[in-house]
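Report on one structure; see the data block that follows.
Note that the chains take the letters A, B, C, D and E in the order they are written out, and that residue 1 is the start of every chain.
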Amino acid sequence: MNLGKVVGTVVATRKESSLDGLKFMLVKHVDPEGKETGGQVVAVDAVGAGPGELVLIATGSSARQTLATKDRPCDAVIMAIVDSWEIGGTEKYRKD
Amino acid sequence: MNLGKVVGTVVATRKESSLDGLKFMLVKHVDPEGKETGGQVVAVDAVGAGPGELVLIATGSSARQTLATKDRPCDAVIMAIVDSWEIGGTEKYRKD
Amino acid sequence: MNLGKVVGTVVATRKESSLDGLKFMLVKHVDPEGKETGGQVVAVDAVGAGPGELVLIATGSSARQTLATKDRPCDAVIMAIVDSWEIGGTEKYRKD
Amino acid sequence: MNLGKVVGTVVATRKESSLDGLKFMLVKHVDPEGKETGGQVVAVDAVGAGPGELVLIATGSSARQTLATKDRPCDAVIMAIVDSWEIGGTEKYRKD
Amino acid sequence: MNLGKVVGTVVATRKESSLDGLKFMLVKHVDPEGKETGGQVVAVDAVGAGPGELVLIATGSSARQTLATKDRPCDAVIMAIVDSWEIGGTEKYRKD
């Protein structure tokens, strides 16, 4: 999985019908220090993530292993909202 | 998924027969500001996208989860046409 | 899919037996202007492509969705030979 | 697979329910000399790896081929803890 | 597939049990001129490859389409040993 930060939303009315009702979030990748890496992805939200939240993104066929995305043409999903992470015992991020 | 802009079409008469009737679009990746990133992909069109439109592209096995692409040797599909997106409440793109 | 140019062939006698009879082609990636990007891949030929031809390459599990590659340890396949492509109405490539 | 070094842990309470009980590890990629490459991944731990250990990471659908990760939205798994590796007969790493 | 050169071996005693008996090889990617590109991968050996040999590597789910790797958490496999390759009729590599 990749660490990412939800920064926005994408609206698409005309789409494969199996995608109706899904929410597309614009997510920027962050590194273990919490800094944006320059990469980004549009991911379906499976957990109710909101703007500014740090999340985990699963990609590829694994992005279809949620109730929301099963058998749909979706290659990236937000499957967890990050509470915190630490490196070598030092907390690098904690959600407010 | 990746944001992309449809810029052209690819014609290929001689191909795996399961691909007959599919439309191959040349799509350039764009970043959240709408600028081209330098990357591109040839994607099957599953939603009737046209030149100049901003779209979402699903890749890998997820590209085969549309009616048009199921069980076909296709690793990239246009599965949505983008109406708009916003970052931090600021609209970055809206389709004319 | 990626645009590529067939530049050579790879011979491998000792291989997983399910691959017997398949032809491995050396393919260099090209960009929408037809210029080589520096990337390359070894792909199984499913359509009778020859040296110098521009082709489409499907990768990942999609590379196994041809008659030639089904259930085989193959992650890249030539599934179409390109006749032409255009960008913004301008023809960028046409096969002789 | 990629060589990686476990450097930390990620906590995520709100997640797809099938992920309950899994442990998310922050892993930095290392090259054959054991140096960090700058890349990283968040991987589910399937083998009881701990901080500082060198591990192998499998990604994509292969990350779901462990007892811990089967059918779950997980695209990276620690499936082995590295004891040692050698290049050209020279040992490059041995676990203490 | 990617061209690679087998440069070493990785030993991992503690691993997902389905991987018992498999051999992990350290493989450096090479370009069509046979030069190392700087990339590398740890791949399961399905064909009896040895140090110094040039090989083909399949990745992703395709890496599980060999007798050795089926249903295992393996995302890269050596599925062929390269005898030779040519570009434009010029032999670039031949195994001794």
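Note that a contact is a pair of C-beta atoms (placed from the backbone, for glycine too) under 8 Å apart; a residue touches a chain by one contact, two chains touch by 3 or more.
Keep in mind that what you see is a predicted model, and the values were worked out from it rather than measured.
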**OP:** Determine the set of chains touching subunit A that also touch subunit E.
**Re:** D
Subject >> Angular offset of subunit B relative to subunit C [C-alpha, multiple of 5 degrees] >> reply: 70
Subject >> Interchain centroid distance [CA atoms averaged], subunit A/subunit B, Å >> reply: 20
Original post:
If you average the Cα atoms of subunit C and of subunit D to get two centres, how far apart are those centres in Å?
Top reply: 32
Subject >> subunit B, residues touching no fewer than two other chains >> reply: 59-61, 63-64
Original post:
How do the chains line up around the ring if the path leaves subunit B toward subunit C?
Top reply: B, C, E, D, A
**OP:** Write out the stretch or stretches of subunit B touching subunit A in their complex.
**Re:** 1-3, 31-32, 46-48, 56, 58-67, 69, 77, 79-88, 92
**OP:** Would you mind writing out the residues of subunit A in touch with subunit B in their complex?
**Re:** 7-16, 18-19, 24, 26, 28, 40-43, 51, 59-61, 63-64, 71-76
